[in-house]
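Next up: some structures, all given as structure tokens.
Shared between the two complexes below is subunit A, which pairs with subunit B and subunit C, respectively.
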Partner chain A sequence: MADDPELSCPLPFAGYDRVVLAHGGGGRLMHQLVRDVFLAAFGDPLQARGHDGAVVELGGRTALTTDAFTVRPLFFPGGDIGSLAVHGTVNDLAMCGARPLHLTASFILEEGLPLADLRRIVGSMAGAARQARVGIVTGDTKVVERGKGDGVFIAVTGVGRVESRHEIAAHRVRPGDALIVSGPVGDHGVAVMLAREDLAIECDVTSDSASVAPPVLALLDAGIDVHCLRDPTRGGLATVLCEIASAARLGVHVVEAAIPVRPGVADACELLGLDPLYIACEGRFVAFVAGEDAELALEVLRHTPGGEEARRIGHVRAEHPGVVVLEQPLGGERVLDMLTGEQLPRIC
Partner chain B sequence: MADDPELSCPLPFAGYDRVVLAHGGGGRLMHQLVRDVFLAAFGDPLQARGHDGAVVELGGRTALTTDAFTVRPLFFPGGDIGSLAVHGTVNDLAMCGARPLHLTASFILEEGLPLADLRRIVGSMAGAARQARVGIVTGDTKVVERGKGDGVFIAVTGVGRVESRHEIAAHRVRPGDALIVSGPVGDHGVAVMLAREDLAIECDVTSDSASVAPPVLALLDAGIDVHCLRDPTRGGLATVLCEIASAARLGVHVVEAAIPVRPGVADACELLGLDPLYIACEGRFVAFVAGEDAELALEVLRHTPGGEEARRIGHVRAEHPGVVVLEQPLGGERVLDMLTGEQLPRIC
Partner chain C sequence: MRYVDEFRDPERMRRAQDELCRIVMRPWTVMEICGGQTHTIARWALADRLPAPLTVVHGPGCPVCVTPLEVIEAARALALRPGVILCSFGDMLRVPGAAGDLLQARALGADVRVVLSPLDAVRLAAATPDRQVVFFGVGFETTAPATAMAAELARRLDLDNFTLLAAHVRVPPAMELLLGSPSCRIQGFLAAGHVCTVAGTGEYPAIAARFRVPIVVTGFEPLDILHGLTLLARQLEEGRCEVENQYPRSVRDDGNVAARAMVEAVFAVADRPFRGLGIVPRGGLRLRDAYARWDAERRFELTLTPIEEHGRCRAAEVLQGLLTPTDCPELGGRCTPETPLGAPMVSTEGACAAYFRYRRRAR
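== the complex of A and B ==
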């Protein structure tokens, strides 16, 4: 966070209820915004006042990840762009087998954004960060003219300590590995889609936006050798399975009836002509573990918040390398392909 | 960088010469974009294929910094948003007394952006990163609808190893400290302003966008105890001096005639009614060192690329705490205040 000099100039912050260009200009108004909105919510964990950077102690294997968040609308059932930005970043760290430690946040604000909306978003980020036990240690704010942005975009970078003793990567997936999903899929994408003003479908769906670090770290703490982890965001479960099958040059066999999908999500997908296997989650992950570790992994997950609804949904085999085959309820099989077009733009 | 599975689907990338929404959708088109544009330019320094994160070895005091870049226009004399994003981030690390090591990059693309522009920007980023000896180790791409962005925004986070044995911060500034600026001020802001289509002023001004890590590290390598460093970006030299005077609760006395300003910058500022002391630089810094170290610091800077035009421009005193006084050429004095409004929107 930037500096916070004495603000002797009599410019009443209260006089602005919307973001103006000068809030990004580097002068008094920007300092006021940083102090009254960002520092008020995030605190200044490193006492880094007056610096455009933060200094932290790190040691050993460190995971780095970054994501820009452009979700539309900014607020949706189960979350908003602020909590989503924290969860999405923390989850990418967890997918590296890392314990999330620090986040940085860059905001691109559109002129005219109500300051009340910004406060709400920043408060939600701060709450999600507290819950995930990470500090938001440094940041930046830019303002673009009306019509050159869309309310607020947030780019978050995460730093974490790798806790897994073994590498977690697609090339470690082996034939016989079990495929586990940590909970029902598609909730986030459907919740966001239904929240868009042009859709008036009544389905009770809430985003699954949440940190998956606790269930992932629980697996590692239990000594389970996790071969590969991936969170099915854009492109959904089907796309990440295609990516892993392709990278591992192995076949993935998935049992459709085993994949948890909430009734509301299934209903909305049917109405909208969407396939839940291609819809983004923001609080789920898939894990590949040796077949003999599967039961223990499920046991651990089901006793950890965020993993209660974990299911084994398939396995890896040497046949059909690079191909994901879905076994259908009536016994047929179909090949799952990677998402080709744009099913749901701006869901994260 | 994301995964790069085999792309067997016959969707000719060449068929797209502009960014479409599906380039951000998580499916095949996004993988193609990542492979053909981002990985082609940045490489894959950590072999992190298939992960949304990178794992690096870090030890000890680590600097973290983040910035969003929204400069308009995307291309300007002396640089573009790509090289600027690398320099701006590397410079924030240098201001922490850190050696830049790794960058992450998040792109927010507007539907309709010519892919040729994106390639040029990404190529320029890659060149600036090579020159600064940092790797772009992980990234993200989002696409927003036409009219919801402005070509491309880039958020970059930097990670560096702190090389300074002493803390570098405003509270370490002491009465008697010399104030050094590493080169002429105002070039970047003026170059960007003149590049905007609505201005037809003929002045030969080029952005100073560059990494200041070499001159900063040269000071540290020479054993100089640098008390405070700051790069005068938004708000310019005057604003950062106000920030430091305020945070240190000391007075800063600056000699206007000693401040280097290029003739083209001075001319353009006169025509536009701007004060070069409030115009952003992107390749300069101010350093506070003990008075007795000033000559050595200048000697070191003048022999280091990026510091050849360094000048001593003032000193710190106990009187007038929190106030920056400018000594004018004809002997008068005036108080420099922090930038209040928005002088030049979107210069970085």
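== the complex of A and C ==
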């Protein structure tokens, strides 16, 4: 495994500096691509060279997830589609209370994608995987004609070993549970939105894309009674809270003033007429923990990378089952509902 | 955030609320004209803070809500023409016409794009000379100057592949129409601060005098709304009907002179249909003949025949302040953001959507 994938084989190979259809054709070019781009970056941890399958040891209860990644632009402040694909998948495993172990990655490349971009994406994927201590053990590549993809799509499957002794699921949420969010919300969605060239807004916002496995495993190691975990990706914090309230048939009470939102994110949302509670995060999670464990959980999170800015934002009630109620800073309460479709910038 | 945080300050809000409650003695019905203010009132649960005798009804000031069905249908039809790129503001894309919305047109293969400025659509036209770019321009006096600049920029660039489907509307004539209606129960107005930032307040003294209603130009933060209502209530209690400016940090009497000149150069005032209100005399803008080349209606020879509204939708009454959304039997039942019967349920500024989203109580 090359130590720094960014430095391996810096020259365009076989005279191509862009992806061509033949890179997915199964012939010499494809083998070259696999060897010089993917294997150079990911290594071959299972010595599975030449096989499409991989054999792994799991032991114990296993968590399994699969996810597909598309993002425009491919590169944004704080990450790119490669790191996002790794973080998104390991985070889904972490939400099961599992330690992420192995990933597989399938790439759908669009004809014409600069190979330098592909190298950069694969390099950042390898870096994110190393940091998250997972191996990318097998994968696949297809090339589609120009205009039939958006540069690159990545589909990732992940497996992990469940570390939680109890099931982590919405039905374990109880009245009195404390609701904790691991950090400020909305950074990723706003960073990506601002990175799109059609929005000429200058704002210093970086994606929060990161593995949340370390803070989640820290909670479990500390013996916190974690009832449910969710990462607020698409639809943001509001949507996952609505999902859990509905699945658990309990009321969720949230204090709006306690929800951490970075000033840059709040500013951009004011300008665009968006609500940060509905904007995607890629390195945050919400935890429903037994009420009596809340203080310890916050203490543990605040001493773990990725959880330093954790806040307690609310609690679970038996009243108003299925409904999330937001306590407003000016007094009064309102219902926090799911959105219809995507948030769109408003007219004026 | 400056200009935001201090206008959401709980202590100041409490004091403003106390003052408003002290002033209001008799029952009054007032209207906030602008959808942005409707949204603020619902978002911050301001109705809970008002003194009981004061009723605030919501006006027609949601640009998406008042755009007639036939114009949305024309936009859809244009978007579906081969070679056309249709650009508009984000919240226009979800508004249902008679046969679907622009997002559905996109799924059918239309090239529909969200822009934040009409000038982006002009730039797109300059960069794609083989495509016809149409900008679907909606909105009140706030968005008209940018659309006017787009027409002017297209003229300067001598673009043959850029046109405007312009459905801009004006607030003061809509206020006059509402006040002239026999069923009108509005005794005072919060005028739209951002409309006045652009257009100034020059048209309001005549309305205040003719209909004997006080008008307070008001901002959009919760404290602005409470201040605006306080000024309005004081006038009502003292029997005055003047034009006051609660929002001087943004509004000058003569508005934005450069923007007004640009609108005046490109557009002429014209009668215009409002969804829910019908034809509003002098209620909108049309491109002047000098800009006919960039008028999509003329370029594509569109005929805009009025289309009947959904029979069950009572948006017309909502937009006139005659029906509170919560009193509509369809709200939350047959009419939801997923299946809107009418435009006020679609736009974030629509009164029905604001009520659906913010005013439902926990069971």
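By our rule, the second predicted complex is superposed on the first by the 330 of 348 C-alpha atoms of A that agree within 3 Å, B and C clash if a C-alpha of one lies under 4 Å from a C-alpha of the other, contacts with A are read in each partner's own complex, and residues count from 1 in each chain.
What we mean here is this: a contact is a pair of C-beta atoms (placed from the backbone, for glycine too) under 8 Å apart; a residue touches a chain by one contact, two chains touch by 3 or more.
The model shown is predicted, which means the values in this text are computed figures rather than measured ones.
Colleague: Could you tell me if A:Thr70 is touching subunit B, subunit C, both of them or neither one (first, second, both, neither)?
Modeller: Touch partner of A:Thr70: subunit B, not subunit C.
Colleague: According to the stated criteria, A:Glu292 is in contact with first (subunit B), second (subunit C), both, or neither; which is it?
Modeller: neither
Colleague: Should A:Thr340 be classified as contacting the first partner (subunit B), the second (subunit C), both, or neither?
Modeller: In the superposition, A:Thr340 touches subunit B and subunit C alike.
Colleague: Check whether A:Ser106 is in contact with subunit B, with subunit C, with both or with neither, and answer first, second, both or neither.
Modeller: In the superposed model, A:Ser106 contacts subunit B only, not subunit C.
Colleague: What is the contact status of A:Glu202 with respect to subunit B (first) and subunit C (second): first, second, both, or neither?
Modeller: Once the two structures are laid over each other on A, A:Glu202 reaches no partner at all.
Colleague: According to the stated criteria, A:Arg28 is in contact with first (subunit B), second (subunit C), both, or neither; which is it?
Modeller: first
Colleague: Quick one: is A:Gly273 in contact with subunit B, with subunit C, with both, or with neither? Answer first, second, both or neither.
Modeller: Second partner only.
Colleague: Is A:Asp17 contacted by the first partner subunit B, the second partner subunit C, both or neither?
Modeller: Neither partner.
Colleague: Identify which of subunit B and subunit C touches the larger number of residues of subunit A.
Modeller: Subunit A has more residues touched by B than by the other partner.
Colleague: Please identify the positions on subunit A that touch both subunit B and subunit C, taking each partner from its own complex.
Modeller: 337, 340-341, 344-346, 348
Colleague: Okay, in this complex, where on subunit A does subunit C touch?
Modeller: Subunit A residues touching subunit C: 198-199, 251, 263, 266-267, 270, 273, 319-321, 323, 325, 328-335, 337, 340-341, 344-348.
Colleague: Considering only the defined contacts, which subunit B positions touch subunit A in the complex?
Modeller: 3, 5-6, 9, 11, 20-22, 24-31, 49-70, 92-93, 95-96, 98, 102, 104-108, 137-145, 147-150, 153, 155, 157-159, 162, 169-170, 231, 233-236, 239, 242-244, 246-247, 280, 322, 337-346, 348
Colleague: Under the touch definition given earlier, write down the residues of subunit C that touch subunit A in their complex.
Modeller: Per the stated touch rule, the residues are 1, 4, 8, 10, 13, 36, 43-45, 48-49, 63-64, 89-94, 103, 114-116, 120, 138-140, 142-143, 194, 222, 336-338, 347-349, 357-363.
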